[in-house]
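Dropping a structure here in structure tokens format, bear with me for questions.
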Amino acid sequence: MDYLAQGLIDAIRLLMSLDEETFSAILTTLRISSLSILMSLSIGIPCGFGLGYFDFPGKKPIRSVVDTLLAMPTVVVGLFVYAFISRRGPLGEFGLLFTIPGIAIAQTILVLPIVISLTATAIESLDRRVRFTLISLGAKRSQIALASLLEARYAVLIAVITAYGRAISEVGVSMMIGGNIKWNTRTITTAIALETGKGQFSMGIALGIVLLLLAFLVNGSLAFLRKRS
Amino acid sequence: MDYLAQGLIDAIRLLMSLDEETFSAILTTLRISSLSILMSLSIGIPCGFGLGYFDFPGKKPIRSVVDTLLAMPTVVVGLFVYAFISRRGPLGEFGLLFTIPGIAIAQTILVLPIVISLTATAIESLDRRVRFTLISLGAKRSQIALASLLEARYAVLIAVITAYGRAISEVGVSMMIGGNIKWNTRTITTAIALETGKGQFSMGIALGIVLLLLAFLVNGSLAFLRKRS
Amino acid sequence: DKVLMMATTTSTDNTGLLDVLAPVFKADTGIELRWVAVGTGKALELGKNCDVDVLLVHAPDAEEEYVAAGYGTERTQVMYNDFIIIGLQEDRAGVKGKTVSETLRLIAEKRAPFASRGDNSGTHKMELILWKNAGLAVPDREPWYIQTGQGMINTISVASERDAYTLTDRGTYIKYEDTMKGNPPLVILVEGDRVLRNQYSVIAVNPEKCPTVNNDLAKTYTTWMASEKAQKLIAEFKLMGKQLFYPNAGEN
Amino acid sequence: MRGSDSPLYRLEDLAFFYGERFELHIPKLDIPEGCTIGFIGPNGGGKSTLLKILSFLEHPHQGTILFSGVKVTPDANPFRRQVTILPQEPYLLKRTVFENVAYGLKVRGEKQGIRKKVHEALEQVGLMPGSFTSRSWHELSGGEAQRVALASRLILRPRVLILDEPTTSVDQSSALLIKESINACRRKLNTTLIISSHDHLWLNSVTHDIRKVYQGRIVGFATENLIFGPWKKSTDSLYEKILPDGQVIHAVSPQDAGATAILDPSDIVISTAHPDHLSAQNTLSGIVTQLSIEPFSDTMIMELNCGGQTLLCRITSNAARELNILPGERVWAVFKASSLRWY
Amino acid sequence: MRGSDSPLYRLEDLAFFYGERFELHIPKLDIPEGCTIGFIGPNGGGKSTLLKILSFLEHPHQGTILFSGVKVTPDANPFRRQVTILPQEPYLLKRTVFENVAYGLKVRGEKQGIRKKVHEALEQVGLMPGSFTSRSWHELSGGEAQRVALASRLILRPRVLILDEPTTSVDQSSALLIKESINACRRKLNTTLIISSHDHLWLNSVTHDIRKVYQGRIVGFATENLIFGPWKKSTDSLYEKILPDGQVIHAVSPQDAGATAILDPSDIVISTAHPDHLSAQNTLSGIVTQLSIEPFSDTMIMELNCGGQTLLCRITSNAARELNILPGERVWAVFKASSLRWY
């Protein structure tokens, strides 16, 4: 119990003292999660729209596969990506292992199913009249996609928030691909894992609080978007 | 790359040889995830309904907090629960640490935000006429909740699937609270972490495939429900 | 900028030793040392895949195998610490001061809880050797034998929650003592046996198998670690006023 | 509780706002039990808002509602199940037609005879149960959906049945059927009916107590003509509105240029030739577009199109017979400037 | 491409199914450019389905559609932007009224003068731009929403404007306005108008080419009476249907007991006294409920209520004048059993 209280105190101290190590981890976390969320949205939202909007043969099996991939453990994604980007892997020459882009790619793969599945559901849950209305007003395919996503904006936003939450809080991928290298690829979550591994539970809690604060700020700015739209 | 191919072969071997260790982990995984998903649904769906359906002061801040908790790292949840149920914690006397119910409780806390947030969004995305229709047909509060959830069944189902995916694939909580004790609290994901730590990457992949197969079966039965409804 | 990529075991990282050595190494040689702290098995695997330039590990048998298979060169021992057996003060199996083999026999006989890392780490491999030395089969499904499959600190936590004995390296134990504010529930019961020595070595990844590795930097690092300066730093590294590692480069 | 002397609904000094934009204000309205009351009026007048309040779906921001003598509070309302509304845009639950119609019974815990009741309700709205019960909610045409929604209200045999434009997108013979069903409700169960509609003829055939709702107020009765502004000053005391074809309506002192005038159809005199030497300031020429009987009376409503402005005029059947006017003929409508009351 | 000899639409042997339950079947239909065509008929007849096909939202399962001579394919359709439909239950995008009305222009890449066009379109449907443009989609009454949806179609100035029951829940003066707006479209832009409605009078005032859609078929013209079964054999060659008040309609050899008969209003003779010694087998007594002018002709439509069965009868204006019949009076409708054609 003590370490929860102590963790809170440590969290304040970490932030107040502008602790350099913590800030390096915060920055790395933000960089990776922004990169991965941008990539996963730009791939996942179009895919999710297509999966939710169109009827095509094989739609149901694809949907099942995507839903199943929601259960993909981070470590497995990590191993999978590692197999490709390790020096001996087919993409070894790009030197992505132990780098921020490397982690971001793996995180993208991790959260893509969330983005796709939740976006598809958001589009499927739309009033069936949306489609006909947009077509009859003359919208072309990409305009239909954009307008449908706007109609489903709350549900799409929550897809984004869920995906972001998953990306920022995962540790398996960052550990496996990033290597938790201090000043370099150490994220808040890998730092938490490290501290916990050392038995520094209060420090782990403190970093956890820092992470949640970060997520709160990010969500706050998204909620601001939500209000404006 | 070899790991992937080798992993696939290992996965088949594991399942064909009815490997006892693997089956113990599968069983533990199923037990824990069923328990935690049942608990999180029975708490989360009513809360999510309330958050999506009613207007009350403080609704927005609560929503923000729930959305933020989507970014809660598993290790932090683990630490948090550990603080309560460890011997020295306030709930130490129940001896929940290193037990399946203990892990299930922690997992419940982990996936609750997903269930609440996605259910609330599902309810909010409903046609605004649903509420008036149900009231005017004479539905009482709990009947309104049930019927609204049924109206939003696709979106609620995907909330369940996402939560299930998160529960079955997480490792931090199972490790921290379960202790990864062989023949006892070792789940597929903690086994993956172990094998990966040992450098047995192909075994990690193999277990990952086993996990995904499990998830596929569970989703399949849910999809069957979806069809029938 | 010269960057040397190293895979090491968690103990060197968790204790903070590398945080002391790396800046000095950089000042001396201009090389930046970056390391990933993982289990020994995984560290060796990273070496096999050419993802790191050098290894700092403590599993002599696996290391020899690794070098013999041609994955590594210039295995150089740099330091050691030792393993200890810890348990509750009450010591229900009455092992305090006994030899290691006797200790294990007593534990098995009394069916006293024993936490094993069960993760193929250096510590785990040592434990397996100890069971063998004691003439006992390695327990598996005994209810008193808890296989955690986790890191050392977590295994100690499990042991303390379950009132179990466990085998640990001294460095981690001192760290644990530190976090418990000097008043840990588990105390040292058995120590000092020659077999309990925990040897750390540096191995360079073989440039013939991995053309992309920085073998020069690895060599520089190996030499530096064996240098008097580094050896002195290791000897002076203390936690709670206690020495964690004993330099032994060049010794056999 | 259920005082026989107090009306079923008593609204007092009631107000409901949508921001600054719209205010429904009803100083007083009594609705006796067992009566049928109709509301008509232009779009955005406030009919739906009023009906939502009467069905306890919305609570007024000011004033009180007494329901059979008991004050209605915003929350837990013991009368909720006695009142049911068919909204203007009914929503069908994403289930089969059968389940939609049966839902209200199910939530009331009824278990027996549901099947039979559902079939009856569907028949009441002209849908053959055999072909409809097992359909899914989306396998219906617009009018069929409207009627399923109505059936799911009729089946409840409520004390008060509130219908917001029940005949939109319903065909004429079904509209007749619906009229009969709701009349049967009233006769057999003494159901109080509150109905809004734009279909004047249909509403007229269901009730003769039709109120007009305009700009959030109940402004008299259905057949009244509304003449909208703008008005501009012509002579000292007179204001005028120019119709699209150039004819002019004169009025006395509107409050402002945009004011709306109310003209009672009984205040209009019809002439088959252009009248001369008349004291009334307004003489409009128009084409008769429709003649219809007014129920429960010996009068007739004549609809004129006076250069784009529709005027309803009330004449006795005898007068109609004597004048021998038929749709398509030109007549003159004569009324005093002072007959225009200001809303 | 745009052959002046080929009609705008040519439907040939077209069929559309909803499972086994419903089949729309149109052997042949031509719609010339610039015309106005109306569809009327009972609920579930297939009007909306037909209009969806004509607006390329659904593709028929069989048969061909030629649009200005070019065969229409299910996918990428070059004509899609030339045709727009106001669906039966219009959907407003979750945006402001302004953005809803402007959407069609925006997707067409228009940037200039949008504001002005939106204001014009809103005025066309009788909504004051000042008070409506900035409202959110849900801050509207039912009729206002309907009219915003219409405005967002009118603004497109389409080659073909398809309206599925455009006046539902719209008040009477707005219905007049809408009529004028769509007439202006036709006059100024030569827009082809395809309209379904249950409001016979309103539709009649917009077009005189009204077809009846019944059970998935286009079965002639609007004013035709439909007399539904059941029929039962009475004498050797005659079948009869008994009306609710006991009167009987006789017919010759229906295909089956449930068959529906079509009766042309011109085939009915009206008498003010009970006619004797007539050869026609059918003599029904009824009350005149309505008289209305038929546009573009010298005839009138008289609506009778014969014990629950509505009958439309066509008489010349002269005949109406001579007989001096007014709504509310009792008359007799006389027609031959053989006038009943079978659908």
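In this document, chain identifiers A, B, C, D and E correspond to the written order of the chains, with residue numbering beginning at 1 in each.
The definition used in the following text is that a residue touches a chain if its C-beta (ideal position, glycine included) is under 8 Å from a C-beta of that chain, and two chains touch if they have at least 3 such contacts.
As the structure is a prediction and not an experimental result, all values here were calculated from the model.
Annotation of chain B and chain E: jointly contacted by A, D, touch as defined at the top.
With centres defined as mean CA coordinates, chain D is found 54 Å away from chain B. Each chain gets one centre point, the mean of its Cα atoms, and the points for chain A and chain B are 17 Å apart.
Averaging Cα coordinates per chain places chain B and chain C 36 Å apart. Spacing of chain A relative to chain D, judged by their CA centroids, is 55 angstrom. Within chain B, the positions touching two or more other chains are listed as 127, 176, 193, 196, 201. Within chain E, contacts with two or more other chains are made by residues 89. Chain C has residues 154 in contact with two or more other chains. Annotation, chain-chain contacts: A-B, A-C, A-E, B-C, B-D, D-E (touch as defined at the top).
The part of chain A that touches chain B in the complex is made up of residues 1, 3-4, 7, 60, 64-65, 67-76, 78-80, 82-84, 88-90, 113-114, 117-118, 121-122, 124-125, 127, 152, 154-155, 158, 161-162, 164-166, 168-172, 176, 189, 192-193, 196, 201, 204-205, 208, 211-212, 214-216, 219-220, 223. Across the complex, chain A is touched by residues 52, 55, 57, 80-81, 83-85, 87, 89-91, 93-95, 103-104, 107-108, 152-153, 156 of chain E. Note for the complex: chain C touches chain A at residues 5, 10, 13-14, 19, 34-37, 49-51, 151, 153-154, 156-157, 175-176, 179, 210, 212. Note for the complex: chain A touches chain E at residues 127, 129-130, 132-133, 135-140, 143, 147, 150-151, 153. Interface residues of chain B, counted against chain C in their complex, comprise 86-87, 97-98, 175-176, 179-184, 186, 190-191, 193-194, 196-201.
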